[in-house]
Every structure is written in structure tokens, then in C-alpha cells.
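Each structure below is given as C-alpha cells.
Across the two complexes that follow, subunit A remains constant while its partner is subunit B and subsequently subunit C.
After this line comes the complex of A and B, so read on.
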């Protein structure tokens, strides 16, 4: 009888066959626990409510059928070809592993940047999984089992260190399975600005990213993600945030290309007077599939969450948006605003958008709105009647539509890079 | 300059224009009047190239060229300007913002050099004075929260910037108080020359006190049923449109 292996079997075999399973230490305990949790939960099938529009399991299965990851391959990384030419700390991941040796870390006032590995793991035993415990799923567990050389960023209290740029570099002659793990801990009254992007050269990539963020009292963090991926690459990106009193978290997610991108953003507002701003833009064509699942959990009174995602979907691309807002009993005077606006540019494009509000307090201000529309023909005619050609007229309207999502992108180089990417795409 | 011959146009299978004939020469001002729904805006839209309308018969020649062959942007570049009856709101796009691109595309088409930021600003300042419009307004999202008068002054400002050969003003006077009306009319008159022409679509004779027409046409049920000089406008003001309607009805018998 032919035995059919499940995806979980394959992952488990990969774990046991790799060097990760060798060391006998607390890291190993952590990893074996995670592996069995992953097996018990199982990676979500299409029937799973949260993944019904995004068959990522199937896509991963297909990728694994085409070949094995080549762990022997040594990538050739030319850092200078892709880092932003600005002051700051430039942290390099190669195929999912943090590489301090390739990174540019020289303005470290207020910062502690550490590689999470066998020898340093005991320092992080208390904080790892802390931000993600509520949203823990099989992908997080899989990452926990497989990550090697994670990154920890600690920001000392009352400091405002130089900006951080994280680059995920991928290169292989075959398949890359990558599990980058990032922990960010911002102490009280400190502020940090992080930008994250990926660079693809060769190979087929599946990356299962997990970022955990802990913001202490009055801490601030801004995170901008630039997802302009290779058309063969698949990304599952989990960001898990816990905010303490008076803290502020801004995230800006820009998705331009890739085979499939699933963003899971989970934010827990653990105490009063927090502020969270979630902005996103997806500008898709071809057969790119982008799914943004966001959840913000108001647990205590007087917090504000502001969510604005916009989409422009062309070709046969698919966009999914699901925005959950929870307002727990007692979280009075919560302000929670959400909107998701989409422009569909072709008949073949698919857009699924769903707000999901669960409000258990009575003294709250919440609003949500989802729209799917086309470009305004009247406006196009107006601009053409002034002499603008049709392409410029449409690009102008789309640029105006997208612009709002850029307002919290603080790093000028990043802001102009995104602006340019939008303009180029809309030409 | 413009010769419209037996023009028929429809929208959604509804015949609106039913045989328009009109000739406009350089230096002339034509007023088109007529009751609501008679097809005035339709005519203006067809001239500007709105694609929702289907021209089912007839022709439009403009400087000896077949205008119907051109898209809206080519018509604009060839010198046709439509001041919209209902200018659209465009969130996130300011007048300054689109007009710079538009003007430079028009200039390129005409074989002129693109204006740099400084020259553009200088030109803007000069034309702003003409219609007494504020720069702040031009930096705001187009027409969003503009008053009726601001919208119309902005239309005339754009006209001044683009220096058209044939301007079509569709009810530019509606919703204007007397001061705004004077400002708009003054703008139009300043831009008038022996080389360009203006078609003024209006309901009321009021505007024609300021922009004095050489010809007045009455459009009714998709046809020009009467033409005359400026005294026709006065007659319409006095007697209304009923006598015209009756004349048309009698004719049809």
C-alpha cells in the first residue's frame, strides 16, 4: 500500500533531517514543542474559515513537490547593490537567517541588536511567543520549529535610535524555505522606525515570517513593509503586536507583486490610551494574490485604532481584506475606525473584502466601510477634455487614490521609492 | 472654424440631437439658448468628445478636419475647450496638479516647449488675476467643497491657461451672483480675439448683457429652430419659449 505523506509529515521529516534538531538544549525543547504544536494544529486547509480565499497550503504543497530546498547552496550577497544609501542600521537576512556579518550596524545608541541562536536563546525564552500567544497558529509554530538565527532588536528606554532597515535577501538554485524570526522590544518612552523589504535574485521562495513586537509604556514604533516580490515567491507574514499603556504603533504595508502574499496582522491593545494606525496599499496585476487579515483587540478603555487599506486590482489578480475589530467589555470610549477601498481595473480581477466587528462595550465610536468601484468615468473625461491623454488621466486618479496610504511612511527614501513604484506601475 | 452639418446624436438609444446645422467663424460669439432638456449640453458634450454619446448622422468639421475622428484630449490640444455645466469633483487631484501636466501635453502637441515650474507659476499668477481666483483654491482637491461661483471661475481660469481657439461655455452663468457673473464675463471678454470663437450656452439673457453675442440660436427638441442677432435673446427673455414651441408645433402640421 502506498503511504501518502501529509504536508505536516514532510515538514516534520525536514526538521528531523536537518541540523536544527541536533543541539540538545532549551532551544531544542522549544523547537520540538513547536513542531508538535504545528502537527497538532495542522496548516490551514481551504476549508479553514480564515484561509478560505487563500489556498496557501495547496500552494506550499505544490512547491514542495517540485523539489527540495538546497541547504548546501552558498548565496552570493552583494549588500551594496540593494541597501538604501541613508544613515541607519541595515540588517541583512539571507534565505531567512539573520546575518550580522553582512549587516551594517554602526549607529547603535539605544539599540541592542542580537542574533537569536543556540547560545543566546535563553535570554529570549521569556519574550518569544509573548506577542503572538493570542494569535498563535500553525504557521507561527512552524516558524518556531524551523527558524535559525533570528533577530532581536531591543530599544532602550527614552531613546530614539537611528532608523533600521531590514532586508530579506533570497538566492538559491532551487527552492528556498525560509523562516525569519524577528523580536522587537521597545522599552518605555522609546521610539523606533523600521522598514522591511525583500530582495529576490534566484530560486523559488516560500517564506514564513514571524515578527513579534512588544511596546512598553509610552513607546512608539513605526513599521513599513515593502512587498514587491518575485512572481514565483510565496509569503506568509505574521506580525504580532502587544501594546502597553500610552504606546503608539504605526504599520504601513505596501504589496506590489508576488505569487501569493498573506499578511496576518494581530494587535493587542493591552492597556489604556494606546494608538494604532494601520495603513495598507495593494497594487496588483497579473495573477498576484494578496490577502490582508488584520485584527485589533481593544482590551482597555480610551484607545484609538485607525485602519485604512486601499487596493487597485488589475489583470487576474486577487485581493482579500478581512479586518477584525474587537472591543472587549469595559473598553469604554474606544475609537475604532476602519475602511477598505478598492478600485477594480479589469473584469478578471477579484476582490473580497469583509469587516468583522465585535463590540462588547457600549460607549464606543466605531465605523467601518468597504467599497469596490471603478475609476470615475466623468473624472477621466474631464481630465481628457483638458488635454491629458487617457493613460495619464487614469494614473493621476489612481495616484490620488493611493496617496493617502503613504502619509505615515516617515523615511524619505522609502516614501519616494514607493511613490515611484506606484507611478511606474500606473503608467 | 467650425461647421456642424445635420448632426444627429443619441445616448442609450435615445435620440437627442436631430439635425443640428451651425457654422462658427473666428472672432464670433454665438449664444445657444433653449428650454431645459432641449439638447444644449448634449451638443456641448459631443463637441468636446464625450464618448457616451453616439453620433448617428451628420458631420462636424473643425479647421477643415473631421472632428469626430479625434478623442477628447486631441480636441483639447487642437484648441477646443468646454467649460462644464457641472464640473466634477476629483478628490486628491488639485487644479495646479493636473493643469501643469495637461498644459505641457497640450504644448508638446503644438510643438512648444514644456513649461518649467517657475514659468508655469508665473503664467498661473497672471491668469488668476483675470478671474480673481485664489491660489489656495487651486491647490485644493478639484471642486471638492467649492462654491458654485468658485467652480465656474475655476473653469474660466483653466480656459485662460489653455488659450483655446473655440470655447464652449455651458451654463457658466447658472448659480452665479451678479459680481461673480461680471468677473466671469470679464474673463471671457479679455480672452476674446479675432482668432478665436466662443459658444455661450445659457438659459438667461442676463449673461449676454456682458458677453455680447453676434448670433443667437434657439435649440429645441434637438434642432436649431430659430436664429437671429442679440435682439432674439431679448425677445426670449420677454416672451419665454412658448411662442417658439407653438411655432414649431404649427410647422410640424
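After this line comes the complex of A and C, so read on.
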């Protein structure tokens, strides 16, 4: 990368140089609009308030300097080595592209799983960007310009299909720039349970994920994310949700490792009586940098949002949390609760947290709390007095601290995997 | 219209009681801002060359800065060339005693309920009165000087104690700290200076009273408080302005320097003209206040009751540099009609075992917007730092807003930081409870609001608590959400 070229120039050149920019493509208009939007907005600098603590632009620039993405490489995917041995639909992404051929899709009652590509794109022209229009940023635009073979999941009315597991598999001999795109649309009175996890084998990965969720009346969705990445990989994960009346959305985000992880969670409660539960746990060591930015926008009365993020930060890791709650004029009887608790275990660990409330309605109950502290000396003493050594006493307390964030993880196999990961880490 | 709305209506139409102005002959600079104006101000005040250089340097830095846009407030942009940067009541010579002060001036302060006459001895408050740009009178100077305490106007301090002013001015708020601090450093007209020598406990409350009188002027005063080792002082600040249709700018700087074992308590009751009920007029209050706990075991405590101003932009902060130093911030901010307040604090923990406590209570009514913005920063070597923050908001009516922006940055693992915030309205059940016990609705609300703000009110010195409570009642009585 030459000095005079900006990151946006490099991205734009990459687009025009790749096979995505076919002149006769049905996607051409959509992609070129997105590209120019990305260029106009620019990927956020460190001066950008929302990216103040997370210099992701710089990290991407550095990654692109070290080498080019190798588009010719054909990964060798052994699906059986990583899928959960449970009933359900197992959907595989390889280096950011949805691969129906590798996926295990066999229980499809009430489900329509489609690959978003040239041939199917016109079905999604209306839906794409609908959930993200208010939280649209340069990363979303970048994804729009670059994604190939996205995934659409549609859940039919009044159905409760088998659980869905999405695996992001990465393998390359050099750099991988991945732009997975997922659209989820849950029709009225339907319910769906989705788990997402990443598998790293080889290569340096920057992944710019965009997931858009549209929940119709009385729909229900639970999304669990497992972010246990390779220490070279960088993730920017945008989840954009729109909820209609009486719907419920649960999200559980577990971040364990990676070079840098940025989660943008934007939830718009468009109508009355919605419920949103956001749980998160970050358990960090080394130099991992995890940034959780969440925003819940209460637009109509009688909704409830509940947020609980917990962090255990060790080594030279850095944890950033920013939770925003907006209560718009007229959104009376809103209940919004937000809590962020952190345990700092080492000298070099840094925690930046900013729980933010913006409220324009008076008949509401909103609260937020955040704490940063250490393990209680007295609690450790209590356990040690009962014969536990210091390490197991600490592990027991931290396990108890972390456990609360697991309560909404419904898939047993995922729940026990996370539990195990937590206790392994805390040994 | 329901009864609630009626009461609300009544309250929103309440007039600002300090809205009159007095005509006295004033010595003014023409509107505009350039180096000549700064030289004019400096010459008017007979300042030494170093101070003029300091001002000019600040002005040059200011020219390169941009107005901050991050506060959660909106207002039409300010034309800095339309403001008069100097206005002083005309006086033949510096009065030696109060008897020589223009009786019109004394009457002005009496109308404000602040008697400059020595009968104030009863309440034991020494007052430095500032009208527009200039300090007009300082009481109790002699009895304070017996203890070695220097309490005088800033200009006098420049003349009589240049070494102290030179040493401490700009040491806490550098002239290029921010846009308004730079502007103030360039054009500041007067203010108060207070120096408490080693081991002295100031026997009375020191107080500055600010009054904007002239039209089209900005008020730019500077307060500098230096507390030497083991000293103690409690300082009060009050302010009012006449009702005018145009907006006026007030950009002050307050610096506090606390040495080892020193304690400074700074209380403000801010009651600038908030504008009328349609949001016309009012003061823009853009103030930089900061204290440094330079020595070990020192303590700085800020208490503020903010009821006035059209737009407030103010973050009294503490730099906790000394080990075991303590910073406190207690605030009640009330906004009504179209008022906007973006206020909070910064606690910078640098020394070991430093502690800070933040209690902020915001009350919004009418169509106002009230924001708390604060930062707690625990630096790498701040072992065992401890912070507790609480910010509660009370909303009255469905057209106002309450916002919270707390930044918490921790770089040391031994830190213990807690933050909690709630937003709510006055509960119907609370009012019902009071009504049942024979209170009318207005007194019920007053009771609940007072209870809400009590934690902060308790921190105010006696003399101020009464005034502040009155102000709070005046601004909020009867506004049932």
C-alpha cells in the first residue's frame, strides 16, 4: 500500500480488481452505491467518538500492508471435525462465503434457507439494509459492496423449526478478508434459535460481519455468538435488529480470544411491548482487545430491555463497553436496565466503560450500573479457610461471577461448551 | 386542563426574580475582539507586561481552536465580534472603604439580597462583588489579612502579589486547555483571588458574587484559590443577570490549587437568567473549573446547584495527584422551559490511594434537556483508587430529556470503581402517600424533590443552603410529572 493511498482507495481498488465487479451483474448498482457510501463515510478514525478506544482502522491498514488476500487458495474443509453432534441445521461459511454444498440442511420444516447471490438477489432487494438503515455505517457499506454468497434464513409463520448452527470457517495461506452477510427474517408468531461460532485453522483474518434481523409480530429469536478467535484475527461484527410488536430478541455474546473484536449491536424496538435481552461475557487475556457497543432504541411504549455484560480481564487485554439506551418521546412505560461488571486481574489490563442513557420520556424506569473491581479478599479468605487453595478459590468465584451470563443460552451443547471454556480458562 | 397541568403551567410561567437592570455609568470597550482590545483591557487594568504577553499568547492559541461541538446542547452560533469584552461601572478612584463605593452599586447588591455592609458579620461571610467585568467591593479584607489570608480582586492580586499570581495562574487550567478557557485567558477582566497560608483555617466563608448588568457584554472572570499546606477554606459563588432578549456569554475559569493536607470546598449556586419561557434570551454559561490536589492527603470538594442559564456547559474537575487525596463532586442541576445543561465532572486519579465520590442529581421539566457527562480515569500508577458515582435523574413532564454519559477508564487492577444511575419520575404512589397525610400536591412535590436533592443540599454551607432550597422550590414547586 502506498503512502498516498487511503484505506478507502485501497478497498475501492480491491473491489474493481475483483471478480465481484462484473459489469453485467444484477448486483452492480447495489454494490457500487454501497462502495461510494463507504468512501463518503470513511472507515472511522480514532478521533471518531464511537471508535475512540478501538483503533480498528489502523489495525486494518496494517493488515493490508502485510500482504494481499489470496483469492485463489482453495480451503480444505473437514466439516465433521467441528460441527456439533446434535440435531439441527448446520450452515457453513468458508472465508466469508455461504457454502450450501458443505452445509447440513435436513430438518427444514418452516425454514427457508437461501444463498444470496446473483440469481436470488432480486428476492432480497427489499429486505437487505432494512434492519441496518438507522445504524448504517462504513463497515456495513463495505460489507454490502464486498459480500459474495450471503445467507438468508426465513422462518415461516407460527413455526418453531429445529435449531440453526452457523460456522464461520477460515483457512488460507495468507490474508483473508471476509464479509459474511446474513439476513434473518422471522415471521409472526414464529421462533428460532441460532448459534454462531468461528473456526480458525490457518491464515490471518479480517472479518467484517453483518447480520440483519427482522422480527415480525410476536416473533421470537435467540442468537448466541461464540467468539474464540485466532490471536491474529480481527473481527468487526455488526448485528442490526428491528423488532415489531410483541416480539422478543435474546442475544448472548461470548468473547474469549482474538486480536481485536468489535461488536456493534443495534436494536430498534419499533413497536409496543417488545422485549430484548442482551447478555455478554468477555474473558480476556494476552493482548486481546474486545469492544462491545450496544444500542437499544425504545421508540414506542411498554417495552422492556435488559442488558448484562460481564468481563474478566487479565494480561494486557483491553475491554471496552459502551451501552446506549434511547427512550424516544412518547415511549412511556419503558423499562430499560443495563449493567456492566468487570473484574480486573492484572497490572496491564485496561477497562473503558461508558453506560449511556438518553431519555426523552418521563414515565419510565431506567437504570444502569457499572462496576470495576477485584475479587473480594474476604470471599477468597472464606474459601481458603475451608481448605481450597488460592487458585481454585479464585476460579470458583470467577466461575460464579461469569455464570449469570449463561442463563439465556438454550442449546445445551453450546451451554456446556462455554461452561467448559470458562472453567478451562480460569484454572 | 387537569390540575397537574395547571400547576405545571403556573410554574413554567414563573418569572425570574433578578431580571431587572440598573443604569449606571459604565466604562466600556467597543464590541469586537482583536489584539488591540486585549491591549486596551490590559492597559485599563494597568497590568504588567508579562500578563499582557500571557493574554496575547492565549488569544493567538484561541484563534487556532474550534468551538467544541460534542456537548449535548444546541444553540445558535456566537458572534465573538459582537460582544463587548470590557464593561465596568465608572468610578473615580478605587474606594478605600465601603462608604466611598457608589451608593447605586451598594443598592444593587442590596436588592440582590447581598449586603456589602459589614452587618454581614453576623453571618460571617466575606464577599467579593463583581459587576460585569470588575470587582467592586471586597468585604472583611482586614480581618482576613490578620491571619495572612489574601482575599481580593484578581486585579489587585496582580498588583500586590504578582509572584503568587504568576506562579499559580494557568497551572491548573492552562491557557490553551479548551476553547472557552483560552478565550477567558485572553480577555478576562477580573475575578477573585484567594490565598490561604500554611496551617491556617479560614474562619469564615469566602464568597464571590457575580452580576452581569450591562447589555451585550460577556463576562469573563477568573478565580484562583491557593491553599497552602494544612489550610482550609470554604468558598461560595453566586450569580445573577438581568432579563434581556439576547443571549449573553459567560465564560469563566476557576482554578484551585491544594497543597499537602489542604482542604478546599467550593460551592456554587448558579442562577443566571435562564431565558424566558419561549427560550428567548438567557446566559450561555461555558465555564472551566478545575482543582488539583497537588499534595498528599489534600481534598477538593465541588458542590453546585445549577438552576439558571439558557445553556450550561460546565465540568468542575479534580486532578488527584497527591497520594491519599480526595475529590468530591455534588451537583443538583435543574432545567426548565428551554434550558439545556450539559454538566458533570472529571476525576483523574494519579496518586496512590486516591478516592473520589460523585453524586449528581438532575431534574428536568418543561422542554429542557439535562445531561450528565462525567469521566473517572484511573491512571496506571494510581494504586487502590476508589470511586463511587451516582447520578439520578428526575423527569417532570413528557417533553423534557435526561441523558447520562459516564466515561469510566481504568488502567490499574487495584481500582474499585462503581457507577450507578437511575431515571424516573415522581411516583404517583409517593404523591398519594403525601396527599393522604394531608399535604397538598404542591408541597408533596416540593417535599419529594427536596428529598431527591437532599444529599447534595446537605453539602452546602448553611448560608447557601437556605438560598438554594428557596431557588429549588421556586423553580419546581407544583410541577407534577
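Please note the rule applied: the second predicted complex is superposed on the first by the 421 of 427 C-alpha atoms of A that agree within 3 Å, B and C clash if a C-alpha of one lies under 4 Å from a C-alpha of the other, contacts with A are read in each partner's own complex, and residues count from 1 in each chain.
The criterion applied here is as follows: contacts are C-beta pairs under 8 Å (C-beta built on N, C-alpha and C of every residue); 3 or more make two chains touch, one makes a residue touch a chain.
Predicted model only: the values in this text are computed from it and were never measured.
In this superposed model built on subunit A, subunit B and subunit C occupy separate space and fit side by side. Shared-chain residue A:379: touches subunit B; no touch with subunit C.
In the superposition on chain A, contact of A:332 is made with subunit C only, not with subunit B.
Across the overlaid complexes, the C-alpha centre of subunit A sees subunit B and subunit C at an angle of 70°, to the nearest 10. In the superposition on chain A, A:397 contacts subunit B only, with no contact to subunit C. When subunit B and subunit C are set side by side, the one touching more residues of subunit A is C.
In the superposition on chain A, contact is made by A:367 with subunit C only, not with subunit B. In the superposition on chain A, contact is made by A:49 with subunit C only, not with subunit B. In the superposition on chain A, contact of A:389 is made with subunit B only, not with subunit C.
By the touch criterion defined above, A:349 reaches subunit C but does not reach subunit B. Between subunit B and subunit C, the minimal CA-CA distance in the chain A superposition rounds to 14 Å. By the touch rule above, subunit A contacts subunit B in their complex via residues 376, 378-379, 381-390, 392-393, 396-397, 399-401, 403-404.
Interface residues of subunit A facing subunit C in the complex, by the touch rule stated above, are 49, 329-330, 332, 342, 344-347, 349-374.
By the touch criterion stated above, subunit B contacts subunit A in their complex at residues 48-51, 71-73, 75-77, 81-82, 84, 87-88, 90-93, 97-99, 101-103, 105-106, 109, 158, 162.
Put simply, subunit C touches subunit A in their complex at residues 70, 393, 395-425, 481.
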